[in-house]
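First the structure, then my questions, so here it is.
Chains here go by letter, A, B, C and D, matching the order in which they are written, and residues are numbered from 1 within each.
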Amino acid sequence: MSANSAANSIPHPTVIKVDPFVPADKQKGLHNRWHPDIPPVASVKPGQTFKVECVGMSRVGGALGVQAYDRISDWTGGQIGNNDSSDDVKNVDLTKVHNLSGPIAVEGAEPGDCLVVDILDVTPFEKMPWGFTGVFELENGGGLFAREFQSRACKAIWDLNGVFASSRHIPGVRFAGVSHPGLIGTAPSHELLAKWNKREGELIAAHKDAVPPVAYPPEPIGTHVGQDLPKEVLERIRKEGARTIPGREHGGNCDIKNLSKGSRCYFPVFISGANLSVGDLHFSQGDVQMSFCGAIEMAGIITFTTSIIKGGIEKFGLKQPIFLPSPVDPMYSQKLVFEGLSVDINGDGKQYNMDAYVCVAVNRTVAYKQAALNAISYLQKLGYTREQAYLLLSAAPIESHVGAIVDSPNACVTLAVPTGIFENDILPRPEGLLKHNYGQCAIRSDGVL
Amino acid sequence: MSANSAANSIPHPTVIKVDPFVPADKQKGLHNRWHPDIPPVASVKPGQTFKVECVGMSRVGGALGVQAYDRISDWTGGQIGNNDSSDDVKNVDLTKVHNLSGPIAVEGAEPGDCLVVDILDVTPFEKMPWGFTGVFELENGGGLFAREFQSRACKAIWDLNGVFASSRHIPGVRFAGVSHPGLIGTAPSHELLAKWNKREGELIAAHKDAVPPVAYPPEPIGTHVGQDLPKEVLERIRKEGARTIPGREHGGNCDIKNLSKGSRCYFPVFISGANLSVGDLHFSQGDVQMSFCGAIEMAGIITFTTSIIKGGIEKFGLKQPIFLPSPVDPMYSQKLVFEGLSVDINGDGKQYNMDAYVCVAVNRTVAYKQAALNAISYLQKLGYTREQAYLLLSAAPIESHVGAIVDSPNACVTLAVPTGIFENDILPRPEGLLKHNYGQCAIRSDGVL
Amino acid sequence: MSANSAANSIPHPTVIKVDPFVPADKQKGLHNRWHPDIPPVASVKPGQTFKVECVGMSRVGGALGVQAYDRISDWTGGQIGNNDSSDDVKNVDLTKVHNLSGPIAVEGAEPGDCLVVDILDVTPFEKMPWGFTGVFELENGGGLFAREFQSRACKAIWDLNGVFASSRHIPGVRFAGVSHPGLIGTAPSHELLAKWNKREGELIAAHKDAVPPVAYPPEPIGTHVGQDLPKEVLERIRKEGARTIPGREHGGNCDIKNLSKGSRCYFPVFISGANLSVGDLHFSQGDVQMSFCGAIEMAGIITFTTSIIKGGIEKFGLKQPIFLPSPVDPMYSQKLVFEGLSVDINGDGKQYNMDAYVCVAVNRTVAYKQAALNAISYLQKLGYTREQAYLLLSAAPIESHVGAIVDSPNACVTLAVPTGIFENDILPRPEGLLKHNYGQCAIRSDGVL
Amino acid sequence: MSANSAANSIPHPTVIKVDPFVPADKQKGLHNRWHPDIPPVASVKPGQTFKVECVGMSRVGGALGVQAYDRISDWTGGQIGNNDSSDDVKNVDLTKVHNLSGPIAVEGAEPGDCLVVDILDVTPFEKMPWGFTGVFELENGGGLFAREFQSRACKAIWDLNGVFASSRHIPGVRFAGVSHPGLIGTAPSHELLAKWNKREGELIAAHKDAVPPVAYPPEPIGTHVGQDLPKEVLERIRKEGARTIPGREHGGNCDIKNLSKGSRCYFPVFISGANLSVGDLHFSQGDVQMSFCGAIEMAGIITFTTSIIKGGIEKFGLKQPIFLPSPVDPMYSQKLVFEGLSVDINGDGKQYNMDAYVCVAVNRTVAYKQAALNAISYLQKLGYTREQAYLLLSAAPIESHVGAIVDSPNACVTLAVPTGIFENDILPRPEGLLKHNYGQCAIRSDGVL
C-alpha cells in the first residue's frame, strides 16, 4: 500500500552539499571568486525545485576600518562559537571571505537572457539552529561606529526557533526572520569581468595609500574554486577572478534584506548556463546592517526554482537584477521612528556639508548615524547596553528611509524600530520609560568594552 | 428638535485661516523664519482638536544646482497654474520660501517637556483639489538629475480625488496619498538658535565660494512674521531668524513621507508654549523626493491635537523628534524593486569611491541614482517618457532602502515601485513589456526638453 | 495673477445637498424605497468626480428582536443627541428608515452594463464631527444579545477627529476609521423588483406570525421619494417599492466594512442611467456589527467617480456587485483572537445542532456569539463594562472569520480584536491583566442596565 | 577546532517521531480520542524548543453528507496518492480519523493554569513535499456543495516548494502557505469530558435518525492510543474518549487558518501536565475550508515552545483558547471580493429565512454559498473548471467576512480572493476577462464529474 505513496514522494534534490563544521577551502562546490571559467558543479533544468547548502559566511570587511579584507572567516569551522565570550570575535583571523555555493548551470540559459530565480526558502541547518551578530574590534574589522565607539569585540548568539530569532545576549526581544541570501549572482562574462577589473583597478590606483583600501584587486592567494581544474584555467581564475566583496551588475553581495524567502529575482545572463552562485545566508538583517557582522549570520539551506526569459536583458532593459519581494515579509506595522541630522556626530556640534557634490552624500551618512545614535540612546533608557542596542539595530528588521536630499545643509534620515519585536511595551508614556535589567551581550573575557 | 442636535454639534475650530490665492507675505499667521521671539498667533489647550490652514509651499532649494534659495515661491498665488505648460516653472521667481502657519502656543508646555502632536488629518482645500510636482530648470532650481539630464522645466498637475491622486500628465497611474506636512516643528530657544547660527555660519565660512551655497545664513530681506511686532523685535528676528530650509533638532523641514495623517509625533519643547509651526503640505511623496519639487505640493488644512509629557526630553532622551507612523499607510504590498550601484553614473563606467571616509556616503548617492535610472529605464519600456518617470518616482509612494554600507567599493541601494498604482500590469513577463502611449507631461511651450 | 490660479481651481461638485439637522422626509434628494420609476435627481458623466451628501441613518431593525422595522430613525434630526444619556435611544421612534441620497443617473449606462463606482472618500460633515453607536432596548430594536443581556438602551458618542474615532464613553481606545457607506446600490428593473417582491412575499406568507417579521413587504405609509412626482407614479412606488432593509442583487444594505473609502465597486446596471443611490454612512464598523446600531453612524459626504463597462454583466458573470477593497485599510497587524463554539449560549451547557441542514448555520451564529462573549469577558477583566465592550466590539475594526463548517457538531468562529486600538497594553501577561476604571458608557437616566 | 562549534550546535529535539508511510494505528505516539487517562508519551520543560512529527490527516466528516465519520483516512499510508486520478478519493475507506501526535506533558502545568504554546514552525516532511485537497463523493464524504453539485470525487495535488504551493491540477496559481495545525488542544479533565459526553449525547438522542448524524458518541471500535496501557484503562478510554471531530473548550479541531506558524496560543489547562496533542497539519487553508478535504492536507513537522502562566484561567477569564496570530501572515493586500445573499441557492429563486432564531444563521450559510458560487462563476470566466475553482477556493488564503447579521431577510457575506496568487491578471477589465485553458484537476478514471 504505502509503496505507492512513498514511491511518488520525491524530495527536492540537494544539488550542492556542504558541511558547516568543515573549513570551506577543504570542501567541494564552494568558490570565492567570480570568473566565467569556473565550471558549473551542478546543473538544473528550468522549472525544477532544488536545494543548495551553504556554509556560514561572516559579513566581514567594510570601508570604515577593515584592515585586511583579503581573508576568510570560516567561523563555522569553529572560530566563532555558540558561547558567551567575544574573544573569538576579537581574535578572528579575517582571511578568505565569502565562500559561495556553485556555480549552478541552468540548462538553456544564454547570454542576453533573463534568469528568473525564485527563492523558495532559506533555513538554517537542522543540526545548527543558531547564528550570530558581531561588532568587531576597531583594529580588526570595525563597523559603522568603529571610531565613535572605539569598538571592542562583542557578539550576540541567536537561537533560531522556527520563524523566530531570540538571544540570551539581548533578552526581551524576539522577531520573525526575513531570511535571505546576502550574496547571490550570475557569473560575469569575460568582457564584464574585464570591465570590473579595469574600473576597480583605476580606483585603487587613484587611492594607492588608502587605509582601508578603497577596493580589492584579484588576488591569487586564497583563491578557492571547489573543484579540480586544469592548471592554466586555475591560474587564470586566480589572476583575474573578481573578489566577492562588492555587489556588481550581476547581483553579488547586495545584502538586501527584502530579497527574502518567497522573492522572485530577475538576473541578467552573461554566459551560457548563467552559472548561479549563492552564499552568505542571513536569518535576519536590518536595513543598512550597521555593525561589522550586522546580520544574523548562519549556515543553512536555500531552495530555488528557475525559469528563463529569452532575450530578457533587452526586454526589460536589465542593467542589474530587479526583483519582486516576498509576500511573507513580517508585518510589524507599528514602528517607533527616530530621526537623524547631519550634525554633531562627534559631539562637537559641527555642521557637516563639505562641497557641492559630496555634501548631500556625507550628510546622509552622518544623518543615518545620528538617527541610529538616537535610537541607541532610547534603547538605553529601556535598559539595554549600548552594545546590545548596536547589535539589535543591526540584526532586527529595522527600516531606514531617506526623507529628502535637497534640504541643505541638513539631510534627514529615519530609522524605524518595530515595537512588536519587544516583549515589553517600549512606547513613550507620560510616566516615562520602564527600565529593565537586560544584562549584557557577550563581551571580551578581559571585560574591556 | 434639531436645535438640540445642531447645538451640540461643534466643528473643530480653525485657529489659523489663510487664503491660498493670496500671496503669503500679504497674510497674517504666516512666517518664514524660526525665532523664539515670534509671538504665537493662536493658542490651544492640550486635548483640543483644531485645524490649521496652510498655503501651498513649493519644495524649492537643494544642494545640487540651486542658484538662489533665498527667495519665495508663492506658486499658489498664481505662479504655477493648473495648466498644460511648464513655462511657469521655467520662469518661477524663487524668492521667499516656506511660509509656515503659526506659531501656535500650547498651554502649559514648558522647556524640557515633550509636546505630543497627533496629526489627525491633512487635506487639500475643497476649493483647490489639485497639486503639482515639478522638475526645475538646471539654472533655476535643478533637482537630483539636474546635471545628468540637463534639466529643463516640466511638471505634472495632479487631481486630488478623495484618497487618490491621478494626473492627466502621467496617465495610467493612480495612488492613495500618504498626506503629510513637509515641515513641522517647535520654536527654538535663544540658545538653540545661537547654536544653529554658529555651526551653520562656520560651515558657510569654510565654503565661501560654493555654488550653490552650502547653507543659508539669516537674511533680513524677505523675512515675514505674519503679524505686527515692535520694531526692535522684528529687527532681531530679521537678523537672527533661522531659515526654514533644513530640518534641525526641533523638527523643521524633514520631508518624511511617513509622518502622515494618523501619526503621533514627540517634539522637544524649547520655549514656553512650545510654539508649533507647520507648512509645506504634501498630498504624497516618495522616499528621497528626488525631483526639485518632488512631492505633490498642495495648499490645504491640517488637523491636530496635542498633549504634554512633563520632563519628556529627559524621560525619552529626546535629542530630536521621534514619531509613530500612522496605521493608515497605503498597503501596496507588491513592489518591483530596482537596485543601483555606485558606478557609471555618467555613462563613463567610472567606479566611485573617493576616500576612506567619504566613499561610502558618495557611493550611496551614486547607487541611489543608479537605482532611479534603472527604474526610469524600465518605465520608459512601458511607454512613459523620462520626464514622466522622473516626476512619478518623486511623487508616488516609492520606498528606498539601503542594503549595507560596508561592501566596498560598491554600495547597494534599492528603490521599490508599488505595482498596484499602475492601471496596467507592469510585471516582467516572458513575452516582454507592453508599451503604451502615455503622451508627455507638461513641458515648455518652446518644446525644449 | 492669482486670478489665473483661482480660476482653474474647480471644486468637485456636490450633486445632492442635504441638511443633517432637518428631518429626512422634509428634504429633496432623499428616498427610502427602491423602484425604477423614481427619477434621478442628479446626473453625472463617467469620469467625473462628484460629492453626495447624506443624512445620518441609524442601523435599525434586525432579525433577533426588532418589533417594528417600518419606521424612521432620523436621529440627526435631534432624536439621538451628542449627550451623556441613552434616554433618546430608549425612546427612539423607529419609523422610516434608510434615507438614501439619489438616484443619480450616470450618462450612457444601459441595462447589461457594469457600473464601476470608485468610492473616493467618506467624511463626516465638518459641522457635525461626531457619530454614535447604540444598543437598543430589547423591546425597541434589540441587537445580537438582546435576549441574553435583556438589553437596555445604551450608547457611545464618538468624536471624529480626522482619521480617528474616540469616545468619552469608552475611554482608552482610539482607532482609524474604515469609513464606508452601509448602503449603496443601483436601481432594480421592473422585472427584478417583481422578483424581489415575489420571493419575499412568499417568505412572509410562509411565516405569517413570526415576531419579528421575517421580511417587510412594500409599505405605502412612510414612503418618501424626495421629489414631486405624478400621482400615479408615486402610487406605484408606494405600492411596489422595495424596502431598503436587506441587501439584494443590486447591492443595497450590505454593511460591508471593507467597502471603504478607496474601494472600487462593480455594480450590475438594470435600467438606463443605472440610478445609483447611497446612504447610511459609517465612520467605522466591525465585521458583523453586532449591536443594534453597531457601526459608528454618521451624517456626511461621500465622493465618487464612475465609469461604464459595456456589457459588463455578461463579461464578468455579474450576479451581484463585486469589489476591490481600498489600499488604505488600517494596518492593525497585531490582534488578539477569541474563539467561540456552538455550545452553552444560555449558560445551560446545551449543545446546539438541530438538523442535518440547519445545524451548521445555527452553530455558526452560536459560535460567533460565544466568541463575542469571550471577548467581552476579557475586556471586562481590563475594566470595561459589559455595555462598553459590546459597543466597542460592534464599532471598532474587529475581524471575524469562520474556521470550518464541517466539524460537526461544533462550529468554530473567531473574533479578532486589534491590540493597537487600545491606549494601554491588553496582551495576556504572566502577572495577569491590569484593570483600569473606564467608567461607563451613556446609559438611561433611571440607571437601569 | 570545529569540534567546539559542532559540539555546541544542538538540534531541537524531536519528541514524537512518526512515519508518514505507515498506517497510523501501527504507530506509537498517535492517538485518536481525547481522554485524561491517556498518559503522556513525551515530556518537555517550559522554555524548551521541540519538534513533533505528525502523519497526514485527511479532513473528513462534516455535517452535509458524511455517511460514516467513524473511520480513518490514512491517506498517507497510500490511499490518496500523488497521481492524476481521483479514484483513490472516490473509493477512500473513511474509518479512523484524526490521528494526533501526543499527549505531551509540560512540566509544572496544573489545572487552572494557562499553557502558552508558541507555534514556531509547521513544515512538510522533506521526503514528502506534497499535499492534497479533495472533493469527496456525495455518498462518501460530500462537502459544502455536495448536493448542489452532486459531487463526484476530484482532487488537486499540491507541490510544496518552500513557502509556496502550486499544483499541476490547477495551473496559473501559486501562493504562500499559512501553515498551521488543523487540530491542537490540551487534554480534558474527567469532569470536562463528562460534560462533553452529556451534552453531545443529549443532542444525539434528540436527533436519533439524522443522516448524517448530528454528532458522534464515544466509540470503542477504532480507538487508538499509541501505547500499551493496562486493560482497564484502555477500556475506559474506548468507552468514554471524546471523538476528535469537533473543536471544544480545550481547542481541538478548530481549523483556524490564522493559527499559523509564528502564532502564540493560550490554552486552558485541565489536568496535571496539560497533555498537549496536535495533528491534521495544513500547508494552507481558506476561511471556511469548503470542500470536504478543503485544506492542503500534509504530513509534517511542527515546532513548539511553551510556557506556563500560573492561574491563567482566572487571570484571563479563559473559557476557551485565545491566540495572537503570527506576524508572518502572507500580505496579499489586493483582493477581489464577491458578495452572496441568502436567496436562490437552488436556482429556484427562493428566499430563505425560516424562523425568528434560525433565519439569520441559515441565511449566512446560504449567503456564504452564494458568494462562493459567484466567485466560482468568475473563475470559470477565466478558464478554470468548476471543480478547479471549488478546490482552489478551499485551499488558497481566501478570507470570508460577515457584513451584518441584522438586515432581514438577507444576510450579506463576502469572500475575498487575493489577486496576487494568480499568475495572470484577473481584474475586471473594460475589454472583459481573458480566458485561458487551464485543463482540469484530477478526476475519476471513468470521467464522471
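We adopt the following convention: a residue touches a chain if its C-beta (ideal position, glycine included) is under 8 Å from a C-beta of that chain, and two chains touch if they have at least 3 such contacts.
Everything numeric here is computed off the predicted structure, so don't read it as measured data.
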item	value
Far-end chain from subunit B, centres as C-alpha averages	D
C-D or A-C, whichever has more C-beta pairs in contact	C-D
Subunit A and subunit D, separation of their C-alpha mean positions in angstrom	38
Subunit A-subunit C separation of Cα centroids, rounded to whole Å	50
Subunit C-subunit D separation of Cα centroids, rounded to whole Å	32
Multi-chain contact residues (two or more partners), subunit A	327, 331-334, 420
Chain contact graph, described as a line, ring, star, complete graph or other shape	complete
Residues of subunit D defined as touching subunit C within the complex	59, 61-64, 66, 69, 114, 116, 143-144, 195, 198-200, 202-203, 207, 210-216, 245-249, 253-258, 266, 287-290, 292, 294, 307, 309-312, 315-317, 319-325, 327, 333-341, 343-344, 349-366, 368, 370, 374, 377-378, 380-381, 399-410, 412, 414, 416, 427-430, 432-433
Complex interface listing, subunit B residues touching subunit C	1-6, 8-12, 21-23, 49, 75-83, 118-121, 126-130, 159, 161-164, 176, 261-262, 303, 305, 326-332, 420
Contact set on subunit D toward subunit B in their complex	331-334, 420, 425
